[in-house]
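See structure below.
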Amino acid sequence: MAITRDQVLAWLKAFIQVIADNKDYLTELDSAIGDADHGANMHRGFQAVLAKMPGMEDADIGTIFKQTGMTLLSTVGGAGGPLYATFFIQAGSKLAGKMEIELEDWADALEAATAGIVNRGKASLGDKTMIDALSPAVDALKQSVAEKVSLSEGLKRSTTAAEEGMKATIPLVARKGRASYLGERSAGHQDPGATSSFLLLETAMKTWSNSSK
Amino acid sequence: MAITRDQVLAWLKAFIQVIADNKDYLTELDSAIGDADHGANMHRGFQAVLAKMPGMEDADIGTIFKQTGMTLLSTVGGAGGPLYATFFIQAGSKLAGKMEIELEDWADALEAATAGIVNRGKASLGDKTMIDALSPAVDALKQSVAEKVSLSEGLKRSTTAAEEGMKATIPLVARKGRASYLGERSAGHQDPGATSSFLLLETAMKTWSNSSK
Amino acid sequence: MKKLINKPEDVVVEELQGIALAHPDLVKVHFDPNYIVRADAPVKGKVGIISGGGSGHEPMHGGFVGKGMLDAACPGAVFTSPTPDQMLEATKAVDGGKGVLHIVKNYTGDVMNFEMAADLARAEGIEVESVLVDDDVAVQDSLWTAGRRGVGLTVVLEKIVGAAAEAGYSLKEVAELGRKINSLGRTMGMALTSCTVPHAGKPTFDLPEDEMEIGIGIHGEPGRKRMKLQPVDEIVEMLMEPILKDIPYKAGDEVILFVNGLGGTPLIEQYLVFRKAHEICEKNGIKVVRNLIGPYITSLEMAGTSITLLKVDEEMLKLWDAPVLTPGLRWGI
Amino acid sequence: MKKLINKPEDVVVEELQGIALAHPDLVKVHFDPNYIVRADAPVKGKVGIISGGGSGHEPMHGGFVGKGMLDAACPGAVFTSPTPDQMLEATKAVDGGKGVLHIVKNYTGDVMNFEMAADLARAEGIEVESVLVDDDVAVQDSLWTAGRRGVGLTVVLEKIVGAAAEAGYSLKEVAELGRKINSLGRTMGMALTSCTVPHAGKPTFDLPEDEMEIGIGIHGEPGRKRMKLQPVDEIVEMLMEPILKDIPYKAGDEVILFVNGLGGTPLIEQYLVFRKAHEICEKNGIKVVRNLIGPYITSLEMAGTSITLLKVDEEMLKLWDAPVLTPGLRWGI
C-alpha cells in the first residue's frame, strides 16, 4: 500500500512522456489565453529532468523531488518554472529521506507543494490558475486520509477533483497570470497550468494505482 | 476631316477618365510582372493634367501636348513618367502652333513620340513594353496616310494594331523594364505600359472618330 | 509557419551565436546559463544594471548591452522568462562592487524568476535592488489582474538608468530613479496581426483581414478589444487617450515620445503614428522634447505599434542624451 | 489590407510631415517638390551627395540624410521613382560649389528621372556626376534584361561616399569611389511573403504557406525562383553562392557583411542569417571586418532578407568608420 522510490521514478518518467505527448495541446491552450509557450516550456524542463534521471536512481524520494524541482527551475522559465520548481522542492522537503510513502505522506507533500505555489504566486481558488486543479486535489487527499481509504481510492478521488477543478477554470475570468490581461476574454478557455497540473496528478494515479495493492 | 484643338482636349479629358476607370486593372497587370504602381502613377499624373486643363483651353495643339508632357514628367514618376512625358513632348514639337491636325500630322506626331520613347528607353519591338503597342500603331498610321484613307479608318487601323500589339506582349519574355527581372516568369502576362498606351490610342479613336466626317 | 530559422528549439542559442559573431567589440555571450554581458564587465566602481526577458523582443534586451545602458541581459526561450541561474550568473558578472540593479518587467514569470535570482545573489553577498516596470495602460492594475505589463517604457528606462549608473549614481539612486521613471511613463499598444512562436507553428491568434486588436502586449497574446480596422489617425487617438489620462499628463509637461514598431510594421507607418501622436501632444500643450521611432521592443513579426510617453525633467534628459554604445542604440560615441 | 495609414494617396506626404516633426535637428523637409535635405545644407566647399527612390524602403533614402551620408534624398510615391523636378531642386539645395553626386539605383525609372534631372542641373551650371548602383546578382546583366537592380549595397555605398564628401573629396573622387564600391559589392535577397502597396490594397503576389521566393528585389515583385521553404542555413547557402562567385570574392578578401531585414522579418531571424553568412565567409577564407544587421533598405512589410558583401580596403574602412549622424544610421557623434 506504499509508493516506492522506484514508483516515484516511474511516475516522473511517465509524466515526461505525457508532457511530450501533450506539448501541442498545452501550447494550444496557452495560445487562446496566453503566449503559446507553456507546452514548450514544460517539455524542455521535463526533458532536462529525463536527462538527470540516471543520477536519481539511488536517491531517496525527497531528493528526487528536490532535484526535479531544481532542474525545472533552471530550464522551464516563465510563470510555470518557479511554480513547478516550488511544487517539487516543497514536496521534496516533506518527503526527505523517505524510500517509500503512504497516502498520508503524499497528501502532506501535495499540500506543502500547493501552499508553496500559493505563497509564491499569491493565487486563490477561482483565479483561473493551476491552483484551481491542485487545491481541490489536496482537499480530496486530506479527506481521503481522514476517511482512511486505500491508496488507489485516494489517488482516484484527488485526480477526479483535479480534473473537475481544471474544467472549472473554463468559464472563469482570469485574475492571475498572463490570462488576466485578457479580462473577460479569458472566459471560455481552459487554463494551461491547471491542465498540466491535472495531468501530473492523473499520471500519478495511473502509475501508482497499477502497482499498489 | 481634321482633329480640332477642342477635340484634342476632349480626347485628353476622356483618357483621364479611362485611366481613372482602369487604375485597378493596370495595377493588377503591374502586380503580376512589376511593383503594382502603374495604375496609381498614371492616375496621379493624369489627374494633375486634368487640373491643368482650364489653362490649356486657348492653347494650340502643340502647346497642349507639351504642357501635358511637362505635367506628367513631374507627377507620374517611375519608368512610365519620363516615357509618357517624352511621348507628349515630342508629339507636341511636331504639332507646334497647330489649331487642327490631319491624319498625317497625327502619324508624324505619333512617330516622333514613339521614337522619343525608343530613344530614352532603348526598347525594341518584342521587348514586352509600350513600344509593342505603339510601334505597330505608328506603322499602321503611316500606311494609312500612304493609302490616303479617311481619318476614321486611319484611327481604326492604328487602334487595332495597338490592340494586337498589346495582346502580343502576353507570351513575351520581358527584356526591358522591371518585368525583365522575372525572366521567363514574365511570360503569360500582358504588359501594363502596352495596355495604357493602347487605351490612349483607343480613346483617341473613340473621341475623334465620333466627331470627324 | 514562415520563418527564417533552423529548428525551433535552436533559435535562441543560434541567435546568441550570431550576436557573439556580430558584436565582439561590444559584448560577450555566455552560454549555459545564457546571458549577454558588456565586453568590459565588470566595470569596477559602477553599479551593474541587468535585465532580461523572453527572446523574441529583439533588440530588447540583449541589443541594449554595452556602455551607457545594460551591463548584461538574460534571454529566455521565446516569450519565456529566463531562469534564476541566468540572472544570478549575470549579476555576478557585472558586480563592480557597488551593487546590481535588476530591471524587471511586470510579468508573473519575470517577477518570480528575478526575485529568486535576487535572493540567491544576496545570499552570495551582492547587494541587489529591483525596479519593476509596469507602464501598460491597457490593463487595469487591480486585485483582479496580475497587474500592468512592462512594455515600451522599459527601453527608455534602461537607457536613462544605464546612463545614471555610467555617471556614478549609487545603487539606491539608480533604483529610485528607475521607480521615478516607472511612475512617469505610460504605454499603449495595438496590433494588426499576431505573431508565430517558433515551436507553436502558427499565429497565437487569428485576426480577420478587417480587424485589429487594441491593448496588446509584446508576447503575441490577444489584447483587450477587437475592432474594425481604422485609419491610423483614429488608432493613434485611441491609444493616446488612455495614456494621457492615466497619470495624467498635463499641459506644460515635457515628454519623450517613443513610437515603437512591433516587428512587422514598416518604418513608413511608424512615422505616420508619430505624426499624429505628436499632434495630439501639441494639442494638449504637452511638449515633445525628445523622441524615439523604430522597432526597439518587438513581438517577433507582429504588425502593430505601441506609443510610450515619459514625462521628463532636466536630469532625465541629460541622462537620455548621454552617450550610449550598444548594438541596438547608439549615440554620442 | 492591414496597414497603419490614413488615405493611400496621402501616405508619402504624411510620412514626410512625421519626419519633419521628428528630426528638425537633422533635416528639413521640402514639399512640392518633395525632398529631405540636411538641416545645414548647403555645406559650402563640400560635394553634395543626393539620392532618391520610391518611398516604402525606409529608412532608405530619407533616413540617411545628415552629416556624413546624404545631403538630400528625393522620395517618390510608394515604389515609384521620384521625378526630375525633385532631384533638380534637391541638387540646387545641396550645391556647395563643388558639384553634386547623384547616387542612382539601377531601375529604368530611377535612371531616366535622374538623367533628366542631371541634364537640367547642368543646364543651370551645376556640375553633376552620377554613380549607378547595380549590385543584385539575382538578375543577369545582359542584353536581355534591364540590368541588375540596385539593392542592399546602396546603403553601404551611401555611407562610404557620404563620408568621403564630408572629408573633402572632389566630385571626381567621390564618383570614382562610388563606382569602385559598386564594382566590389554584391547582393542577393529572398522573401517569405510579398508586401502590399497602399493603393493596390492587396499583396503584389501570393506565396503559399510552405514556399519562398529566391532572388527578389525591394519593390514587392516576384523573384527569380519559387521553392519550398527551407531552414535558414540552407537559404543562406543559396544566397551566398551566387554572391561569392560573381566577382568572385576570394580567400584573403576583407569584407563588410550587411544582413538586411526587408521589413517584416524580426531581428532575431536576421541574426540567424548573419550567423550562417559569417560562417560561410570564414569557411571561404573571407574575413568579415565590419557588419551591419537590421532593416535598412526595406520593402514595406515584406518578410525576408538580403545579404550584401562589399570587399573593402583601408580607405573604404576608414570612411565606413567615420562619424555619421542621420535618423537611420548614427555612430561616432
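We just call them A, B, C and D in the order they show up, numbering each chain from 1.
One rule holds for everything that comes next: contacts are C-beta pairs under 8 Å (C-beta built on N, C-alpha and C of every residue); 3 or more make two chains touch, one makes a residue touch a chain.
Chain identities (UniProt): A, B = Dihydroxyacetone kinase; C, D = phosphoenolpyruvate--glycerone phosphotransferase.
Fair warning: this is a prediction, and the values are worked out from it, not measured in the lab.
The chains that touch both chain A (Dihydroxyacetone kinase) and chain B (Dihydroxyacetone kinase) are none; no such chain exists.
The minimum number of touch steps separating chain A (Dihydroxyacetone kinase) from chain D is 2. Using the mean of the Cα atoms as each chain's centre, the chain most removed from chain D is A.
With centres taken as mean Cα positions, chain C sits 32 Å from chain A (Dihydroxyacetone kinase). Centres computed as Cα averages put chain C at a distance of 29 Å from chain D. For this pair, chain B (Dihydroxyacetone kinase) with chain C, the centres built from the Cα atoms lie 55 Å apart.
For chain C, the set of residues touching two or more other chains reads 78.
Under the contact rule stated at the top, the pairs of chains that touch are A-C, B-D, C-D. Interface residues of chain B (Dihydroxyacetone kinase), counted against chain D in their complex, comprise 27, 31-37, 39-41, 44, 73-83, 120-121, 173, 175-178, 180-183, 185. Residue ranges of chain C in contact with chain A (Dihydroxyacetone kinase), taken from their complex: 8-9, 33, 54, 76-85, 107-109, 112-113, 116, 138-139, 143-146, 149, 197, 199-200, 204-205, 217, 219-224.
Touching chain D in their complex are the following residues of chain C: 1-7, 11, 14-15, 17-19, 21-22, 55-56, 58-59, 63, 78, 192-193, 207, 209, 212, 229, 231-233, 235, 263-275, 278, 288, 291, 293, 295, 298, 300-301, 303-305, 330-333.
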